[in-house]
Amino acid sequence: MFEYAPAPESRSVVDLKPSYGLFVDGAFVDPASGGSFKSVNPASEEVLAEIAEAGEEDVDRAVRAARTAYEKVWGPMPGRDRAKYLFRIARIIQERSRELAVLESLDNGKPIKESRDVDLPLVAAHFFYYAGWADKLPHAGFGPDPKPLGVAAQVIPWNFPLLMLAWKIAPALAAGNTVVLKPAETTPLTALLFAEICQQADLPAGVVNIVTGAGDTGRALVEHPGVDKVAFTGSTEVGRAIARSVAGTRKKLTLELGGKAANIVFDDAPIDQAVEGIVNGIFFNQGHVCCAGSRLLVQESVADRVLESLKRRMAQLRVGDPLDKNTDVGAINSAAQLARIRELSDAGSAEGAERWSPPCELPERGFWFAPTIFTGVTQAHRIAREEIFGPVLSVLTFRTPAEAVEKANNTPYGLSAGIWTDKGSRILWLADRLRAGVVWANTFNKFDPTSPFGGYKESGYGREGGRHGLEGYLNV
Amino acid sequence: MSERVAVRKTYKLFIGGKFPRSESGRSYLVQSANVSLASRKDARDAVVAARAAVKGWAGATAYNRGQILYRVAEMLEGRREQFVALGLPADEVDAAIDRWVWYAGWSDKLSQVYGGANPVAGPYFNLSAPEPTGVVAAVAPEEPALLGLVSVIAPAIVSGNTVVVAASPVAPLAAVTLAEVLATSDLPGGVVNILTGRLAETVPTLAAHMDVNAIDLTGVADAELAADLEIRAAENLKRVLRPAPADHDWHADPGITRMTTLLETKTVWHPKGV
Amino acid sequence: MTATTTSARSDLTELGRSETALRTFLHGLPGVDQVGAEQRAAQLGTRSIKTTAKAEAIDLAIRMVDLTTLEGADTPGKVRALAAKALRPDPADPSCPHVGAVCVYPSMVPHVAEVLRGSGVHLASVATAFPSGQAPLEIKLADVRAAVEAGADEIDMVINRGAFLAGRYSEVYDEIVATKEACGNAHLKVILETGELATYDNVRRASWLAMLAGGDFIKTSTGKVPVAATLPVTLVMLEAVRDFRAATGRQVGVKPAGGIKTTKDAIKYLVMVNETVGADWLSPDWFRFGASSLLNDLLMQRTKLTTGVYAGPDYFTLD
């Protein structure tokens, strides 16, 4: 046997403070109420820091700071200068990427190899991409003189804390808006480090404001009458509530919500790459991915072979310390999320699906869930319909391409889909019929700042990334 | 010689390419005519018809859709006088005809203007293209009755959506007459469905309907009703076009936002290799 | 793969009798997506192998080296020195294991055999008109027999790439069968020369063809064309031996050759073996490195681990 010795990434690159305030108008401030909450390392349950909790008064302060910055500084600033600030931020992110990656893994529980090789490069790339748009907006295809909206309220989830921040802040600032962003309560730390980066970049005060807190803070922010734009990434349930709350207002809304993507494998697929794609589709980031390929639709004629390969491959997944460079699957982000994954998995077993996990020792402390697949799943099972947001794959079979399309589309969600086949014309035929905003053919979970991302149906509306991503932040 | 007794017209709903009366059997007197008073069930039937038409219409080639929209303009031009006789200003009728022509030309350009290749940092082909969102519920503005109506229908259907439109309650004759044009323009049944009657009766049903993908509130002048409809629409996260401002200039270039709000952008990735 | 799981084992041995059957089978293997395969290989390359794991990996890699010299300028003196090094790679450290084999041209076999006899280090020879393979079959077979007679217990043959690329699979198959027969008890390593096969689909097909024809090992390269062993090519070959064993019960070895120069490279290959085919292949009986300069880098890294001090090339023998 070839046992890999522990290869932990050093934590020393991160300088954690015992407590963090709110980032309002260019400075860290204490919340009016004095309230706070703790951010813990989900891999160990160790408390990482004490985080200020923003109340309505704090949110109001942040929105007013953003309004002033919009009217006095950022709005009037020529696009070429906004661009330079964004380029500056992109560069600092690159320089400090190891520090950000380690902090992200500490706070989120995701493997360092993902935060290092996926999240951080994409974060920097996103700022670079939108930096270049700041002085080219008339060429973006939204008319000769598109204008920013004003103050953007942005609420982001815990699965890709810094990447979601980048997806929100970079296009907003490029288009000339100022922002108040609320990171998720379980993963606020990289957003607060980003606030320091804004200071380091000498970004004018009030252009970026970070208010930390949970649902109430988020609600206060999106319902604040002073915001002109609301952008949210998170659950469909909360997205619905936000859509209701902005009804009848001027606030422009973009939503990036849940998913239950079908990953469709045909019998002529490149099997070894398909298996990699299935694994990447559902176990990447512990399955905490809205576009995760959580439903495997495999053609009956090749189902046994694919499952055999999949199980063999799953047995190679290394679950454990997120900071170990060889870890493939890290910790579940929170006790609450773990409880939800357990609840739905138990429902899968109770409903008669067959559950399988590779032999896998989980750490004692922290929140952990072994990579799991369910076979014998039907469309009627809860695990085939509800978003689990964890490392749990539901396996269904199909016989014909038409049946695959029908099953893939048989969901209120429509964020992403995967197709695996060597036949080009079949890929295009399916891609036309799948009701999903991103279709990965012979690949999965690929992201790029130039590539629009977003859903159909209850997976939300609006697109993030690319030229399309500007639209949500312009008065068009 | 006594004067000839005119043959009066019965104004009915337009659902699935047919002209049914309201299933409720009700009508109301407006513009000196009896016009169907659509019920919630009529609204539901219209959604069923619209949904059934999506596959064929969205699946038609853009060229074909453009041809049909242009055919609508041709037929409308031929009936120009009929609309003027309804009391519509001639320049509005002309503008409505021209609007069909304008949108007809968009059918096979929208994907090029609103989609395209994305230069991702990796060995991938990556293409974004817009697709119709599906069934659109729309409220036409009260005024201008014909140009406003055309201005909500055409941008919805040009990309392959189908539409259920609530006509102006106070001036529905232009809508019902337009239905006659549509019915003779090679437009497949169900692509456009027109309901007449009270907005408060049909539109909340459409806004709450779980098989409707988007709602265009352009003609909802009542801010409270608009907010209520938007709240209902949130249940299945319909795409929303908010009410047009009262001073909206219907003769101006409409831009593409009306079309793009009713589109979904789909991005397809594929590796490039040997 | 699809075809093999449904085939009875006996069917596979029949394939070689018909050009059509062979073609149908090879073209029925699942395709390989280039981007996906290369990404998987690159991902495995990011594994971090440290401390104890690294020490084990280095010793294993040393035992897997086919210490090779294939130069026109080779002389009996040169190959004897190489053989001596194969036996005791690090004269200063008796705990250092010997390499897997020494690999030389057929004319050099007798000189190496003298040195290696009874040592447990295998003696491999590149027969069959290496590296081009462009000689009449009879001459190639005579080459093989001569090498075996002179003491080689492993034969590295090259396949007929021209015939393979032209789709004349039977011709390639028959040559391998004939060579295997000429080998007698010697192990046959079949060099696919993947750098000339152009696609991973071809690498997979050639791997299966070589295994179906009786090869004991499949080997990437001669080291004489611009593109030698790569991680993704080796990944595709490992998947092939894995699937071949699942289909037939017979285990076949893999040997990447050429271009593997550093310990870091070698460890990436071992990680790939570990995570693709597992522990069954983590032995010199089933995995080899065709290399020459690799050995010294392994030795330097080994010394670094034992002494804690970075080594220099002057402290290791040149051969």
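Order of writing sets the labels: A, B and C. Residues in every chain begin at 1.
We take it that a contact is a pair of C-beta atoms (placed from the backbone, for glycine too) under 8 Å apart; a residue touches a chain by one contact, two chains touch by 3 or more.
As the structure is a computational prediction, the values presented were derived from the model and not from experiment.
Shown here, the protein chains touch in all possible pairs. The most central chain, judged by C-alpha centres against the centre of all protein C-alpha atoms, is A. When every chain is reduced to the mean of its CA atoms, the largest separation from chain B belongs to C. In whole angstrom, the spacing between the mean C-alpha positions of chain A and chain B is 36. For this pair, chain B with chain C, the centres built from the Cα atoms lie 68 Å apart. One simple way to say how far apart two chains are is to compare their mean CA positions; for chain A and chain C this gives 44 Å.
Along chain A, residues 442-443 each make contact with two or more other chains. Shared interface positions of chain B, i.e. residues touching 2 or more other chains, are given as 122, 124, 271. Looking at chain C, residues 33, 35-36 sit in touch with two or more other chains. Taken together, the chain B residues at the contact with chain A in this complex read 113-114, 116, 118-122, 124, 126, 128, 133, 213, 223-224, 226-228, 230-231, 233-237, 239, 255, 257, 260, 264-271. Chain contact summary for the complex, chain B toward chain C: residues 122-124, 271-274. If you check the complex, the residues on chain A that touch chain B are 125, 141, 143, 236, 239-241, 243-244, 247-248, 255, 257, 412, 414, 427, 431, 434-443, 446, 448, 450-454, 456-458, 460-461, 463, 466-468, 471, 476. Of all residues in chain A, those touching chain C in their complex are 1-7, 113, 117, 267-273, 276-277, 301-302, 304-305, 316, 325-326, 422, 442-443. Every residue of chain C that touches chain B in the complex is listed here, in rising order: 33-36, 38, 198-199.
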